[in-house]
Amino acid sequence: MTASLLYALAGAVLFGMGLYGLLRLPHLLRKLLAFNIMGSGVFLVMVGLPQHRGGADPIPQALVLTGIVVAIAATALAVVLMRRYYHLSGMTTLEEPSPEQRPGGRR
Amino acid sequence: MPPEALAAVVAVCLPLLYPAMALLPSTRARVMRFALPLLPLPALLLAVFSDPGWQLDMPWLLNGGLWAMDELRRLFLLLTAVLWAVAGLYAVGYLKADHLRRFCVCWGLTLAGNIGLTLAVDIASFYSFFALMTFAGYGLIVHEGSGEALRAGRVYLVMAVFGEMAILAGLLLASAAADSQMLADLPAAIAAAPQKNLVIGLLVAGFGVKAGLPLLHFWLPLAHPVAPTPASAVLSGAMIKAGLLGWLVTLPFGEAALPGWGALMVVAGAVAALGAALLGVCQRRPKTVLAYSSISQMGLMVLMVGGALADPGRAAVLFPVIALYTLHHGLAKGSLFLSAGVSMPTAAGARAVTWLLIALPGLSLAGLPFTSGALAKLAMKEGLSADKLDFALSGYLSPLMTAGAVATLLLVLRYLWTLARTQKTGRNPPALAAGWLAATGMSLVAFWWMPWQVDGLVKAPVWLPKMYQLWALLWPMLVAFILAAGALLVSRSVKKR
Amino acid sequence: MMLSVWLPVLALMTSLLAAVVIFALPEQGYRLRTAVNLGAALVKLGLVVVMVWGVFRGVDYGVSFTMAPGVAFVLKADALSMMFAGLSAVLWLLTTVYAVGYLEDSPNRSRFFGFFSLCVASTMGIALAGNLFTFFLFYEMLTLSTYPLVVHRGTEQALKAGRTYLIYTLTGGAVLLLAIAWLQGVAGDLPFREGGHFTENDPALHTSLIGIFVLLVAGLGVKAAVFPLHGWLPQAMVAPAPVSALLHAVAVVKAGAFGIVRVVYNIYGVEASSVLGVLEPLAWLAAFTILYGSVRALWQVDLKRLLAFSTVSQVSYIILGICLFGPVGAAGGLVHLLHQGIMKITLFFCAGNYAETLGIHRLDEMDGAGRRMPATSFAFTVGAFGMIGAPPLAGFITKWTMGTGALDAGMDWVIAVLVLSSLLNAAYFLPILHRLWFRDPPRQWPHERRWGRLETSAWLYWPTLVTAVVTILAGVLASLPFSPLSWAELIVLREYSP
Amino acid sequence: MTLWLMAGLLFTPLAWAVLTLLTDFRWGRWVTSFGILVQVLVSLGLWLTIARDGGFYYGLGGWDAPLGIELRVDGLAVTFVLLTAVVASACGWHAGVYIDPDKAWHRYFWPLFWFLWSGLNAVWLGGDLFNLYVGLELISLSAVGLVALGGKAAALRASLRYLLAALLGSLAYLLGVALLYGQFGSLSIAGVATLLADNPAPAGSGLALALMVTGLSLKTALFPLHQWLPPAHGIAKSPVSALLSALVVKASFYIAARLWLEFGATIGSFAAAQLVGLLGSAAVVWGSWLAFRQQQLKQVVAYSSVAQIGYLFLLFPLTYSVSEAVSLQAQQGITLQVISHGLAKAAMFLAAGNLILSVGSGRIEALAGVSRFLPFSLFSFGLAGVSLMSLPPTGGFTAKWLLLQASLGSGQWWWVAVLLAGGLLSAAYVFRIYRASFLERPETDRFYHPPRSLEVIPLILALLSLGLGLASEQVLSVMALPFEEAGAP
């Protein structure tokens, strides 16, 4: 097992954990965090796996930088939306409000 | 276009287009009735004055139209025109105000059909006019609108439609076999066709509905009594003959010997002639009796048709006889039917004359000497005489004809009897009386100047039949009188008890 | 010649443009709309007449361009297409006149006439289509543009009928599409050609060709209302009378029948079809449909439903005719394309007249209507006798020609079918005629309206009479050149000796 | 000339995005109008150039791959560029009238709109895997922002759901990219394809392709990964829904299709292709059924998108191990389907928006009787519906025709059933709406006629989708143009 493969495997594990979190955790902020963990996993694979004539490949490094920027932008957008969402509905999950929870519902 | 052809077009189109008058407002449409006797006049002129042999070619009509006239058609046309004319005259006086337009429309169309089918030589226009006559005739039958009339109309229509379909199928098969659209080509083609019997069967049955062949006759005794009297006259005098004409122009006469079909027709004719008489004498209404009389008379003509089918050599001789008989019967029967609606005058002398005039055409039917009936009967006897006819059943024909004569007179007597019981007394509308008198005159007098030709058989005119002929004509009548008198006595005694 | 390219396109465009203009006109623009309608109909009739004359002289009208890879959009005028085009052009004019009167004062006229013109454009396209692909294009366009007309009344019943109509026709269209695509895969893009394409076909193809034929007939049979695909037709009778008249007597059902004619004649070829053995079963199916439709009609109490079942029966005559292997029978089938159209439209006009003038919809309300409306009843009588096949009307010419053709082809059983069908037709039409003429009218009609001098509105009166007279003339003058029969014989002549 | 066109194409949207950030909605509208004009002209110019000269590769700013951004300018790409220009400008103009300028947050519409456009162009032209990723993310984020413009809690919920799905899809794609790069050391699609053609496929490449396709399928809303789409498309403003349905989902599909066409033959397998095709078929059936059951007009249209997208995935089975001709037919069919669905669906959403405006309710029953007012929008809706039903003479029909030919030609006749059933099912939901509009009710007298400009735009789009069927040969011929070899890597 080479070091690069180790990085890649670690990245894959992170990806898996993030995926689990993204799908299973109800709270929005947790989902967002899980997304970031996934992203990190992918970046790890990206820099870890490619080997350029024995040494590290410079291109993935550049790509990952771009990727991080994109991820930050996405995270920022998500946070804005979540805040607004919480503000409007008072909820932190994406479940559809059932009739009794809705204002003007049964009670 | 020769003048005859033009006249033919006028003869057909006048009654055909006459119904358009019905589109006039109802007040003015009343004049329609006065046109009724005029409608057949062009046809009458055509029949009287034109020499057979002309033809009118209309390639654009249907599948190629051809109208023409020959001796046979001339007599049929003459009968048709005369009868419709006198009946039309009668109708002017007979008709009441209600449904007048409808009656006139149906009258015109039926007449157009009847004239047209007599002139048509191509299949399509023949069949067209035949169908026109059939369907428009329904309107005449149900005119009165009573429940009985509607029932009769229904029976008539059902049977007529079946008849039409049989004719259609028969004509289709024949036309395909002949590969021709002309009636004249059919007989030879039918005689040679593989499905000969099917075709003949279809045509016999199809036209048989009109001609009142036994088992196909049911509509006749129902329809004739309920129709208005002038309609019954033409129905029985002219339209019924259309079926006969249909046979004459399509069946393979003179092409091949068809003893089977001949025998069948003879049996059918015999059944009709005698059976109808048996049923007819039991009837109570005068026009029903006359209807059965028509069936019976048609039976006699069917005998001749059977003979002609069986012996190809004899067909040419029998055709003029059939035509003659048709003419005679049509005129006499028309006159009889019209008399059913005549009211008796009160004065005794006039009464006697009226009765005489009513009775004479009837006796003519039975073959009273010096009448058209005598001529027709003698010609028929001569035509079907056993020694000249090559046919297994020819021996039975003579007795059959004699029995038929007896039956005929019995029916006439029954008619007079029932008529005497139902007839009203009073004044007749002048047109009605004129129509009836004209019909009687036609039957008794004008007949002798009509262009029938049976020169080969009997010497005509038969002013003085030979003694044996006289006897042959008279003894069946005597038998009938005796039978009638017997029946009268029996019924009296039954009633007394 | 430029004209030869532009004439078919123009003929198509007149009604298409009319549709666009009518949609754009305001609902209140009654006069202008009527003028546009009638003007377009007249122009189209003129164009068609010019084309008929040209086709008769042997001019080729056509235009084509590649539409998608492998398939072309082809418009072509041959004798057969002119037959259908002529029928729809003439009847469009009459029906437009009729519809203007029929829909007087009713809502949604703009919508109605717009889609109406679209329908006619589709019919024209179907007539002029030069290959199956183009045919299909207009065939589906017809389906779509008819739907708004069927549901025009907007009642629950109408909408239900519309749904049934769509289910049938769209499914039929899908089947047809499959068949056309399959055929394209097997043999490429086939233009309609006299004599067909498969005269010397490869035995290896037989199975697929038979399969394709079955699918084609199934797809087209829906519109042609062949048993058991006829269920939509009686229901669609909730549409206004002009719709039933033009669309269900002429455009829609004829489109199906016309398609089958195209398939048999111009794709497969009669020879090939009979080698494949597909014509005989089709003939039996058509014969069964003829009888089935008539038998069902016997039990109807609603006049338009009765006419619908009668249509089911009559359209199959066309199919039966082309299945008779021989020129005479084929001419009989083809001529019925015109005859049935003209007769059935007469009957539907009459049904509309009764409904609009007296409020009569059911048979038992028709007692004595002949007294109140003699001209309409005359037209009805003519139409009914034509349907029965009574001479000398158009229907008789059909039956006679078909019967002769059947005997030529040795298919004698067809005679029995013809006779039986005539009997059944008589059995349901004659009682109606009896009611019309020989029963006494009721004291009060269900819903009577009066129009001055004529028995009904002049817009309704004249088209009805004209079609009735044409029904008579088509029969009486059958042997004239340019009569339906002569034209059908011309088509057959070109098909059998390409 | 080409240089200027490329520059205009790529930088106008970005520049306008920045410009409109500085303005409010009303000003943004004017600024945007001018930008749209430029974009349309540039797109058209590029399309004409390609139609005349054929395609080429283009290194942005003189930098070549792998560090530079390499663009692949071929017939297919410029066709989509042109499609984008048409649909986006239609939506932009429509939005300018449709969207209420008085709500403060609506001013963000224009920047988001322009970012979306630039992302789309980047994806159509993108030649390497990573830049496609960036383009995708640009699209996703601006699309999410546009959905969130609805402002209500439900809109935010839908947009969040959309965002999470999109991010998940992007990451899956990116992981696949990482794996591929690890194996081949190249990011250029063409480069990887060349390597694949020369050498046997390495073991992990199947996984990479699967990851990428799965991620992209999620973004394209392939059944069963479609749940995020209907709420997002249904709740957004109509012009936004139109953009999303017509273009955004097509971007991810476009990448998936490119990948499959380049790598599928070597890396893919028959089973995988059939699986994707099966999922697509399930989408067709299930999406149509759900569309039929909806009560809200826009939900019907949204679920219809799910169904229509299903057709696109038939590309996978129909191009795998079939003859060249059949594969070409399938590609052409799918391309036409993308274009015609883009036009038709945009028309439909815009028309639906107008109808909702007219009757004041989004429910289908509210449409009862509106056909008596002959609303233009209903007509446009119907025309677009004809294309969705794939009836002639629309582009949808030609697409289906080609797909039918391809399925019959490839011997995979089972897709025929899907194609035919799909058409009938779409007829069911389209006519359900039509049926409602024909229903006569006594209270159908109120009807607000929206401004003509709103009504004309969907009509034009619908007519274009109709005309596409008649002109599909011309459109397809541009896509089949040969490459100009000089620019190849």
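First chain written, first letter: the chains are A, B, C and D, and each begins at residue 1.
By our rule, contacts are C-beta pairs under 8 Å (C-beta built on N, C-alpha and C of every residue); 3 or more make two chains touch, one makes a residue touch a chain.
Since this is a predicted model, take the numbers as computed values, not measurements.
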Separation of chain D from chain A in steps, with touching chains one step apart: 1
Chains contacting each of chain A and chain C, listed by label: D
Of C-D and B-C, pair with higher C-beta contact tally: C-D
Most centrally placed chain - per-chain CA mean versus overall CA mean: C
Distance from chain D to chain C - Cα centre to Cα centre, in angstrom: 42
Centre distance in Å when chain B and chain D are each reduced to the mean of their C-alpha atoms: 86
Between chain A and chain B, centroid-to-centroid distance (C-alpha), Å: 107
Overlap residues in chain D, where contacts from two or more other chains coincide: none
Chain-level touch network, classified as line, ring, star, complete or other: line
Chain-chain contacts as defined at top: A-D, B-C, C-D
Residues of chain D defined as touching chain C within the complex: 329, 332, 336, 369, 371-372, 374, 379, 386, 389, 391-393, 397-398, 400-402, 404-405, 408-409, 416, 420-421, 423-424, 427, 431, 434-435, 438-440, 469-470, 472-473, 476
Chain D-touching residues of chain C, taken from the complex the two chains share: 23, 27, 65-71, 73, 107-108, 110-111, 133, 136-138, 140-141, 143-144, 147-148, 151-156, 158-159, 162-163, 166, 170-171, 173-175, 177-178, 181-182, 184-185
Residues of chain B that touch chain C when the two form their complex: 22-23, 59-65, 102, 124-125, 127-128, 131-132, 135, 139, 142, 145, 150, 153, 157, 161-162, 164-165, 168-169, 172-173, 175-177
Chain D contact footprint on chain A (complex, rising order): 8, 11, 15, 18-19, 22, 28, 31, 35, 38-39, 41-42, 45-46, 49-50, 52, 57, 59-60, 62-63, 66-67, 70, 73-74, 77-78, 81-82, 84-85, 88-89, 91, 94, 96
Residue ranges of chain C touching chain B (in the complex, touch as defined): 374-375, 385, 389-392, 396-397, 399-400, 403-404, 407-408, 415-416, 418-419, 422-423, 426, 430, 434, 437-438, 440, 475-480
